[in-house]
Each structure stands twice: as C-alpha cells, then as structure tokens.
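Note that subunit A is present in both complexes that follow, paired respectively with subunit B and with subunit C.
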Partner chain A sequence: MKNMNRNSRKISPFSLINTLVLLIICTLFLIPFFHLLAKSLSGAYPVIRGEVGLWPKDFQLDSYINVIGNRQFRNSFLSSTFLATVGTFISVLLTIMVAYPLSKPYFKGRKIILYAFVISWLLTPSIVPVFFLIKNLGLMNNLFSVILVNVIYTFNMLIVKTYFEGMPESLSEAAQIEGASNLRIFFTIIAPLAKPVIATITIYSVFGYWNSYFFPMLFISKPHLRPIQVYIYELVYAAMGSTSGNISDVASKNVSSIPDVVRSTSVFVSIVPVMMIYPFAQKHFVKGMLIGSVKG
Partner chain B sequence: MKRIWVCLIVLCLFIMPAFSNGQNDSEDGPVTLKILTDMNPDDDMNVDPVTALTEELTGFNLVFDKLPDDPTQRTQKLNLLLAAGDDYDLIRLSSIGVAKELIPKGFFYELDDLLAEFGTNILANTSKEWFEPVTLDGKTYAVPIKRTQAASIAGSMYRKDIFDKYNLSQPTTPQEFKDALIVIRDGEGYTPFTGASGFPVIDTVSSAFGICNNAWYDVNGQLVPRVKMPGFVDYLTFMSDLTKEGLFDPEFAANTDQMVQTKVASGRVAVSFWAWWWWSANGAVRQNDGAEMAYMKPLLSDEGEGIAWLWGTTPEWATVIPKSSKKPEEAIKFLDALSDKDTFTKIFLGEEGVHYNKEDGMLMATPQYTAEKGNSWIMLMTSNDNLQLAYQQIGQSGEDENQDVLRTYQGMKDAADSVAVADPTVSLPPPEINGTYGASLGSLERDFILSVISGVKDISEYDAFIKQWNKEGGTELVDAWNNIYSSSK
Partner chain C sequence: MGTKKKNHFKRYIKRNYDLYILVLPGILFLLIFKYLPLLGNVIAFKDFKLNGGDTIFSAIVNSEWVGLKHFMRIFDNPAALNAVKNTFIIAGLKTIFLFPIPIIFALMLNEIRVNRFKRFAQTIMYFPNFLSWVVVGSLFNQILQTDGLLNSLLNIPQMERLSFLINPKYFRTILVLTDGWKSSGFATIIYLSAIAGIGTEQYEAAIVDGVNRFQKMWHITLPNISSTIAMVFVLTIGMQVASGSFEQVLIMANPTVYSTGDILQTFSYRKGLGAMEFSFSTAAGMLNAIAGLIIIYSSNFASKKLFGKSIW
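And now, the complex of A and B:
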C-alpha cells in the first residue's frame, strides 16, 4: 500500500505540471540574466546590432579585464563592500539590541518607544530634513551617512522582537540568579539562541546596503566614494539618451558614450557578490518570513 | 563581551578618517578650490593627468566633487546643496538652462566687479554676447562656456548603398521622398524610414513644412509656438500617411534611441533619424556589406524653403560661484588663469606634432592626446573664443579611432547648415511660468505628435488638442514669452 502511494505520487500529473510551470517561470527569470552575461562576453558590434541573444558572439574577455581594471569601478566596489559589511555589522548589532528590551513586557516606556519606531517607519520623513540632518552632522561625503539613515529598519526590528518574545523567560531568569548582568545575558545567552533571526536580518541588511542607491546619490559627491549602484546607474543613464525629453541638454553632453558591452559587464560584475551569497542565504530568507509568524 | 566593544570602537576609529571629507587649506601652500561639476568621465577627475597639469599651470589646488548625471536628480541635489550652503567655490553646470533657472533664486555671486578686477583674460577671450543668457537685470552671474560651433546636428541619415541599388537620388521634396520610400518598401524588405520617440519632430522632413526641433518661431516679430505653426498639421498629416502606407516604422512611438541605433546597425533600415552623439553605432552600421551612411539634406517646400534646428548658438555650459564660497576672488582668478591663451593651449590643445597634427586644414588628435588629455573637458570651466574651434576639432577627432564623431558631426552640419535657424528664445531668460507649464505642455505636444503619427489619434482631433494646450497654460506661456521677446529687442 505504501509503495503504491509512493509510485502514484511520482507520476502524479499535478506535480508534473507543477514542475513544468515552475521550470518555465524559472527560465523566464534566467533569460535576462543570461542575455546580460552573453552581452558582456560579446564584441561591441554584434551587441549594437542586436544580434546577441543568449549566446555570446565574437567572444571576448577584454571587457572584464577593463572593468575590473577600471579604478572607478574598483573604488565603487570597495565602497559598496564597506557599506555591506560595516553597515550590516552596525545595523544588526543595533537592531537586536533595540529589539531585546522592547520584547520585555516589564520594560517601562516600551509602548511609547515602540510607537515612535512604528510611526517613523510608516511616515517616512521627506528628504529635505534628512539631508540637512546629515549635512549638520558633518557626514556629507562620508559613507557612514548612508549607514546611519538605514541603520535600524523597523520591520527587521519587529521580526527580532517577536522572536525574542517567543523565547522562554526562564532562560534569562536562570542566568540572572547566577549573577549575570543584562549585557552578559544578552550576548552570551540570548544572542546565540537568536542566530536564525540574526542570519535573516543580516541578509536583508547586506542586500539593502549593497543595493542602496538614493541616499548615496544624495550624500556622496566624492567620485571615489560612490557606491556601485550609483556608478552603475550613471553608466546605464548614459545609454538612455534623449528619453528625458530635454533635447538641448542631451546635445550639450559630452560625446563620450560608453559601449553596451562595458555596461553589461559592469552590471554583471556588480551582481556577482549577491549571486554568491544568495544560494547560502536563501533558506534564511524563507525562514525569516516565518519567524515570529506563529507565537507559541 | 568587552572584546566586541573594543573591536567596534577600534574599527570606527580606523575607518572614520579614511572616509571623512577633510580638505584643509594649509596656511602657505596653494589655495584649494572646491569644485562641483555635473559631468564626470568614467573615472575620478581628482586623479586625472589634466587636473595635475592644471594645478601646476595655475598654481591652484583643485578638489572635484560630482553631481548625478540624471537631470532630475541633479537638480534635486544641486538645490539641496545650494540651500544648505555647502562650501563649493565653483560649480560647473553642463546645461546653461539649469544656470538660467537658478540665477533668479539668488544663489550665485554677481560677477561684474570681480570680472572687471580679476577677469581680464575671461573678458578678452569670451564674446560679449555669450554673457547675455547669464545676465539678469544687467548683472552677470556666470561665466559662459562655448564648446562648439553653432550647427544643425540632428538630421537624418540614409543608406547610400540602398539608394544606389534602386537608382534613387537624394530627395528634395516630401513627394520625392515618399516616392523613394515606396520604391524601398516594394524592394527587399527594408524598413524604409524610422525615427526615435525622443525626437517626435524629424527635422529632415518637417523642414518642408516650416517647423523643426525648435519650440518657438518668429513670425512677423511675434513668437509662435510650434503647435500653432501652420505647417504643424501638414507635417503630422504627411507623417501619419507614411505610417499608414507602411513607409514609416509603426513602432516609432515606442522606439528609444538605443532601439533605433540597433535597427539601423542591423542593416534593416534605409532612412533614419540620426543624432551626432549616436556615433558609436556608426561602426556597427558599416559592418553590413557595402553599407555606406550619408546624411540627408532637409526636404524643401514647393517654394524651395526649409528649416532645421540650429544648435549651439549660445553657450552650452556655465560656471557659477555660489554665495557660500569664501573665496570668490580666488575662484575668478583661477578661471582667468584658465582662460589665458598659453594656459588654455597647454591644457586643452597640447603641442602640434605631439598631441595633434594638421590634416586637410583640420586639427586631428594623436593617441597621445587621448591618453593625456582625453578628459580635458572636465576642466573646461571657461572658454577661449579664439581657440574654441581648434579644441572642438581635436576633441572630436580624438574620441574614436574611426573619427565617427567628427564625421557624423560634419555630415549633419554640412547637410543642413544652409537652412538651420536658432530657436529665438534660446538666449532669453525664460518667463517664470515656464517652470510651471513648460514641461507639461511639452509632453502634451509630444504625446499628440506621437499618437497622430502612429495612427492612434486622427489629425481631426487637432482642434481639441489645441484647446487643451491653451487651457493647460499655453495661452499664458505664449503671452509671457512674447512680453520678454518684445522687451529684448
């Protein structure tokens, strides 16, 4: 009986169709990716002539050598790496340290602080006050400005808070009786137990900082500090031409035009780190959504 | 536990200085000028050889910061920086239009006294008329930069080899043009004619109907917007007929610049709108067997009249000194040093035989020019009228090894210069309500042109369109421009 069940599951038309549909969707997502890769590996002329589909034509690797050798690209890559590592470290540390006391029902003023977070999250301030704040803090042209404006993302904080709420109070009580301080309890008992949720928000944070565009665009004017997304946007913008509508503006631009191949290569190299992290991080993405969704 | 804190603090202390923006003037050393530009080569101009050379020749220390390329974001950030009083000494704007918009807001130093005292070279080397667009109530607020000669630069190209194959000569009137397109359509499956949606009015064709890329026209001393020119309806009718008969690309309304270049480069198109800054596609077009590009002369009306967009009759860029600068005198002194004939020659042109050679009366860049001065335009913060043409030729010839920039520019210019006319509003300060209505009226017009040409709307809807155009601020804008126009004469 058991065997029969297993056999019938194997050939179930439902799962067959399911797999097929998923494969098709998967392919749809992969096509632009392979198209980009093919373009970055092709010669300049076939790309302009629109002959490159999913397979490179006039295969070359020079574009990769040029892009990786480009000082501006390297600087931008470093800036983004800095944001994604240091930024994430600070962000995660602060997020869990904020979430922990807020998860304790006996913490006075908990509700007010919580509301303050939620309100500032729902009613995002306009950029003008944020700009002036950063300017007055003397953080213009400093990568910490970008880290600071996104340092605690309330959504992540709420996920962590809910996770902490699900942890048995007796854990910290036991440690308290042994004479451990609050900080010690937090770092040696609570934080290690919260690894799954920390992994989740770390991933959110890494991708958030790696992909951040708007605030770096606003706060960073030093060419060598521009993060990768700002740099890439400018490469891509150069190709958009007159779509902005102001013809005179376009005509007065410098004639330097960046070949599509270089653009594709830059975009591709910039997504490599994300691609490398993603397979390892994917399970945490899924977990993260479920963490705290059911309170025990 | 303690270790984490110590690590964190050490990390911050270690990293902070590396990413801070401390630029301190030393007491005795050269003066440092902070410059904000909105154009950047694909590299950091602070480490460009041109910057090093300029610092050596002028004796100033230069620090460059960059604005975003995207015009919307550029304006947003620039406004914020100016409002916050950031301490830039010079701002180089690669759109004189942006300068014109910001001048009335009072962000910049008035330069007349400074120029009179420290700007002898600038005044001697810049035509008086170039200052007009950046003058408000008789006061100068910017140093204008003239980069190129005035020329008609957005015409059409045709494939000479395809025309030769069908024994077609270059058409001169709309009817001849249509006949030629019919022959091509009935031939071997070429798309006869295409254009980019960013350029709804194709000068080459609209010329015969008395309109072009200019938004305004002088009719008996009065400014008339393009939508109210008599030829507007005729042009749209002609173009929509072309689309209906399969002579014009039905995808026109969706074509981006890039798509048009791809279509032409793939060898499928016989005639296409072409802009001179699309030169990087020229090489790809030539990859098709025997393909030869030629630039089409604008079509003429039955009376033999035509018109094309003359671009570059006013300075393209401008340099301003924001009021938050603490060194306006030094900033002008620097610009003045840059405008000096010898310095300008050394920075922007180099030496004959080393950086450029004379060929057929044109100055052609050598590879050494590209290596050392390829990015020299970042330093173009003032101009020198006497050397401008030389700089343009060297700059354009040095852009690419096939000289496609130079060839495209010259081809466009030669084809249409005889009928090219500048927009009469180009050197006037825009009326205040232009900021409110200008852009939306522009896109209203663009949408109407695109929908009529691609057959979504019929030309009979013109009256309704004009009514809407008037209602959405058109009437006021026409009056406002005419007030400025008549008082400027």
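And now, the complex of A and C:
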C-alpha cells in the first residue's frame, strides 16, 4: 500500500509515456473485436452502407436469434464440440501414455521412439499423401480423420515427458515394491499427480481442435458434419465472389445473399466458447510453456 | 555371462512389458499417420497416376521413376518460383518485424507498476493467439474490404474505394501485421515470465551503482532472458518456413495477390488437390519441408552452441 502511494505521487514522464503507448496498443488489439461486435448488433442497412464503426447503429438482437437458430450453424458448432471434447480426450490420453515410458531412463527403445517423434514433428509429409491415406482408410467424412491425423503433437508430448522426468522416483517405488504393475502405477499414482501439465495440454488440444480448419476442410465435405471453422470460412469468404483459390468454395457459391450482419454474428458466436475457456487457458498455457522449455 | 544377461533381460521384460503397452498406440499413430505419408512422398520422384493400379499402393508401385524431374519443374515454372521466393520473403519479413516486438512489449509491460493494468494489457494482447486464422481473417476482412472500416477512416471517396485485400502491393504487409496481431502476445507472456524469474539482487546492486532504467534493461534484463529469446527464435524461425504462414495465406489470399502472397505450401495444395498434379505438388511440398527442416535444425544447433539451450 505504501509502495503504491509512493509510486502514484511520483509519476515519471517515462511511466506516463509507457502507459499511454501500451493503452494505444491495447486499443489496436481491441478494435477488430469491437468492430465485429458493433456490426453484429446493428441493423442491416447501416452495415451495408458502411456506417458502423465501433458502436452499433439501429441496435438489434435478431441476428443472434437467427444464427443460433440456424441448423447448419448448430450442426457445425456440434461437430467442433465433438472434436474439442472426444478428440481432446483421445489426444491427451495417448500423449501422456507415450510420454510416461519415454520419461524413464531405463526404458529400452526410448531414444529411437523419441527421435521418431521429433523427426515426425519437423518433417511434415506433403498434402497429397496425407489426403490419399485418409481416403484409403475410409475416413473421409468421418470426424475421426481430423482427430487422428494429429492426435499426438510432439511438442505437447515433450512437455509432459519433461514434467514426468521432474517427478521424484520415490512416488512409484513404494507401489512397485508392493508389486503394482506399471500400468497401475501410471493410472493411479502418476497421472493424478500430473494434473497441472495435463491441464495445459488439454487446453492446447481443445483450442487446436476447435480452431482447426485445414484438415476438416480437406476431409469433411458433408454439410452437416462440417466443423465450425469450415462453416465460417464458407460464410465469410465464399461470399466475396470466388476470390480464393480454395476447393471448398465451389460447394458454397450460394451464400452471397447472406447479410453482413449475420456473417459478423456467426463469427462472434464462434469465438464465444474460446472466450469462455480463455481464463483457464491463460493460467495453464504459460505454466506449460515454462515446464516445456526448461531443458538444459 | 550370456545367461546372466538373458536373465536380466527376462526380468526387465517381465517387469516392464506394460510400458510397451502404453507406448503402443502412440507408435501406431506415428507409423500410420506420419511415416506412411512420408513414405508416400516417393511419388515426388515418380510419375504418379491415380488409375495406375487397382489400389493406391499398386498405383504408386507401378508408376514410373522419373528421378528429380518434378523438382526441376519447380525451377522452370514461374508460378512455382514465385512461390519459393514468397515463402522466404514472407518468413524473412515476419522474422525481422515480428521477432523483436514481443521483447519490446514485455520490457514495456515490465515497467508497469499498477498490477491491474499490467494484467489487463496481457489479457488483451494474449487473446488473439487463441483464435483461428479463419476468425482472424474474417475480422480483418471487415476492416480491409471495400466498404470496410479502414476505407471509411481514411475518408476515401466511395467511387475510389478498393479492398486492400486484392492489392498485391499491400498483401505482405497485411500478412505481417495480422500475424503480429494474432501471435505477439504469446511470446510476450513467455518473455514476461522469464523476466519475472530474474533475481532482484541484480537490480538492487544496479540501483546502488546509480544506473538508469534503460541501462538496467540493456545490462540486466536482456542478458538474463537471452536464452529464452534464443529458444523462441529457434521455435519460430523454422516454423515460419515450414508451416508458419500456410493457413493464414490459404485463408487470406486470393488469385489477385498470388504474385506477392502465394507460398510453396499453398501452391503445392492447389497443384495437388486442385489441378491433380500429384507428383509435382508433392515435390513442391517436400522442398518446403526440407527447407524448413534445415533452418530449424541449424538454428537449434546455433542456440545449443551459443546459449547452451536447445528444444530437443
């Protein structure tokens, strides 16, 4: 408290300028959101005439009712929710399962498997072979294609592995002496103690699946299965008059009649879940990054 | 001796066979979804045709080896060369302009004494990082399009208004700025936590010596976070070439800006799944992956040598 008082009495020119510049930067960061929100809450005509800046004109909420009531939007929302929940569950489970043995120095084959993961991370295959692989596995128009194609992200796996390596061996020793299997030790002792790092990669994964666009666009063509990003893309970009070279545009030329208001509203609703999870993310993301980057 | 070793191994297996159960799904994933398509990259060295066999496998096997023909074609094809050039220019521009920004943001935020404002600013800067490129593209579309916010702010007369998104002159700038908007906050937070980890004794000693704010930043803060800076550099520079701009360009670009905006990955995607030139597309994709690999590998090596830190 004393500290605060001393500081607030003596404001140096540097602090003032620094604070002002940061305020301007924050405003620049916020403008796109306010503009979007204002458009989504405005009437159709002011939006078309380009009169809406950062404050809504002819305020209305019908567009929100429209978007939430739209079956295609809801289907896409559900598709992405499926990816973000089921996908994340599978992804996190497989990631920690691989990371545990790799954290044990005595685990034979550790080096090879570790290198195999790092190489797969750095050397990405070209698009054509991946496309034909999914096609030949019969996973086209199946959301599991999107889940499986990147189910273990090497970076996440390395973060978890580093975390496990930092856990004292004594945690599992007692159970080992009593004859518990590694599987049992892992699921009942180790995994519950690794909650912080599991929270971190869970959040990475939820956002990763929710925001994924490319693979869903490539693998999912049935309209009722299209994840939200593909839906939003088609809504926003296909209307711009085939400006993009994307293949998925061909399927959606009929959206140019959709008013800008509905478009803005759809984009806004699609980021509401992101905003809701964001506070948790902020907490765990940094922690995870720090765990992962401590490597001497 | 031999039996002893054998017994040892037996005991190891008996005790640890279930560790292999734990890694099995992960290994299957690697083999099927990562290494199988990597093997599929051989079509870059062949004249692959879909109808060349009953199954995709026999079609690949039956297709004719052509060596480096498709790689050579990249260097004969103006559009491909343009994409190669843009890949490096865009990655370079992003590195030059976006790499220092988070360091500056972190130094500025670190000087803020009012914790509530500091936290507020971090929250704002960090958020766009969690949005997809589709959403970020849409947000800036609204601002940059013909009847968008920027045109009306600049007071350009209705008749002369154009979308900034169809002008090749502006496209790279737009890529750099939107990427900065989306991802600066991420590295900023990493630097801030690195700064928070610096011991206060160093600063206290500096105060006794009577150094000013900027000298403190230069002589204490920056050297103390140099290894973090190196780590972030290694992570971003390789990714920048390997895949950094793919979704962004795929979503934001359109044929009018290909001259300055098309990169190898988007080119490879259009050639492969649009024009069905599978082998050529795969060659372009491979070239990109290898370039990225070389850059990330050498920057990691340099970081290890210079700062004793590496990401693997």
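Annotations for the structure displayed:
Assume the second predicted complex is superposed on the first by the 252 of 296 C-alpha atoms of A that agree within 3 Å, B and C clash if a C-alpha of one lies under 4 Å from a C-alpha of the other, contacts with A are read in each partner's own complex, and residues count from 1 in each chain.
Just so it is clear, a contact is a pair of C-beta atoms (placed from the backbone, for glycine too) under 8 Å apart; a residue touches a chain by one contact, two chains touch by 3 or more.
Treat the numbers as computed from the prediction; the structure is a model and nothing was measured.
When the shared chain is aligned, subunit B comes close enough to touch A:188, but subunit C does not. Contacts of A:129 after superposition on the shared chain: subunit C is touched, whereas subunit B is not. By the touch criterion defined above, A:45 reaches subunit B but does not reach subunit C. Of the two partner chains placed by the overlay, only subunit B lies in contact with A:143; subunit C stays clear of it.
Using the contact criterion defined above for the overlaid structures, shared-chain residue A:35 touches subunit C, although it does not reach subunit B. In the superposition on chain A, contact is made by A:207 with subunit C only, not with subunit B.
Subunit A is touched at more residues by one of its partners, and among subunit B and subunit C that partner is C. In the overlay built on the shared chain, the residue A:67 is in contact with neither subunit B nor subunit C. In the superposition on chain A, A:270 makes contact with subunit C only, not with subunit B.
Of the two partner chains placed around the shared chain by superposition, subunit B is the only one that A:223 touches, whereas subunit C remains out of contact.
Once the two complexes are overlaid on chain A, the subunit A residues touched by subunit B in the first and by subunit C in the second are 48-50, 127-128, 131-132, 135, 183, 218, 230, 233, 237, 240, 243-247.
For subunit C in complex with subunit A, the touching residues are 12, 15-16, 18-23, 25-27, 29-30, 32-41, 43-44, 55-56, 105, 108-109, 111-113, 117, 120-128, 130-135, 137-143, 145, 147-149, 151-153, 165-166, 181, 189-190, 193, 213, 228, 231, 238, 242-243, 246-247, 250-251, 253-256, 258, 265-266, 268-270, 272-274, 278, 281-282, 284-286, 289-290, 292-293, 296-297, 308-312. Of all residues in subunit A, those touching subunit B in their complex are 44-45, 48-51, 70-72, 75, 82, 86, 89-90, 93, 127-128, 131-132, 135, 140-144, 183-184, 187-188, 217-218, 221-226, 230, 233-235, 237-259. Here subunit A touches subunit C in the complex through residues 7, 14-15, 18-19, 21-22, 25-26, 28-33, 35-36, 39, 48-50, 53, 94-95, 97-98, 100-102, 104, 106-109, 113, 116-118, 120, 122-133, 135-137, 148-152, 157-158, 181-183, 186, 207, 210-214, 218, 229-230, 232-233, 236-237, 240, 243-247, 263-264, 267, 270-271, 274-275, 278, 281-282, 285-286, 289-290, 293, 295-296, going by the rule given at the top.
If you check the complex, the residues on subunit B that touch subunit A are 1, 4, 8, 11, 15-16, 19-21, 36, 39-47, 64-73, 76-77, 80-81, 84, 86, 94-97, 147, 153-154, 196, 198-199, 213, 256-258, 261-263, 265-267, 275-281, 283-284, 287, 311-312, 316-317, 377, 396, 399, 405, 439, 442-443, 446.
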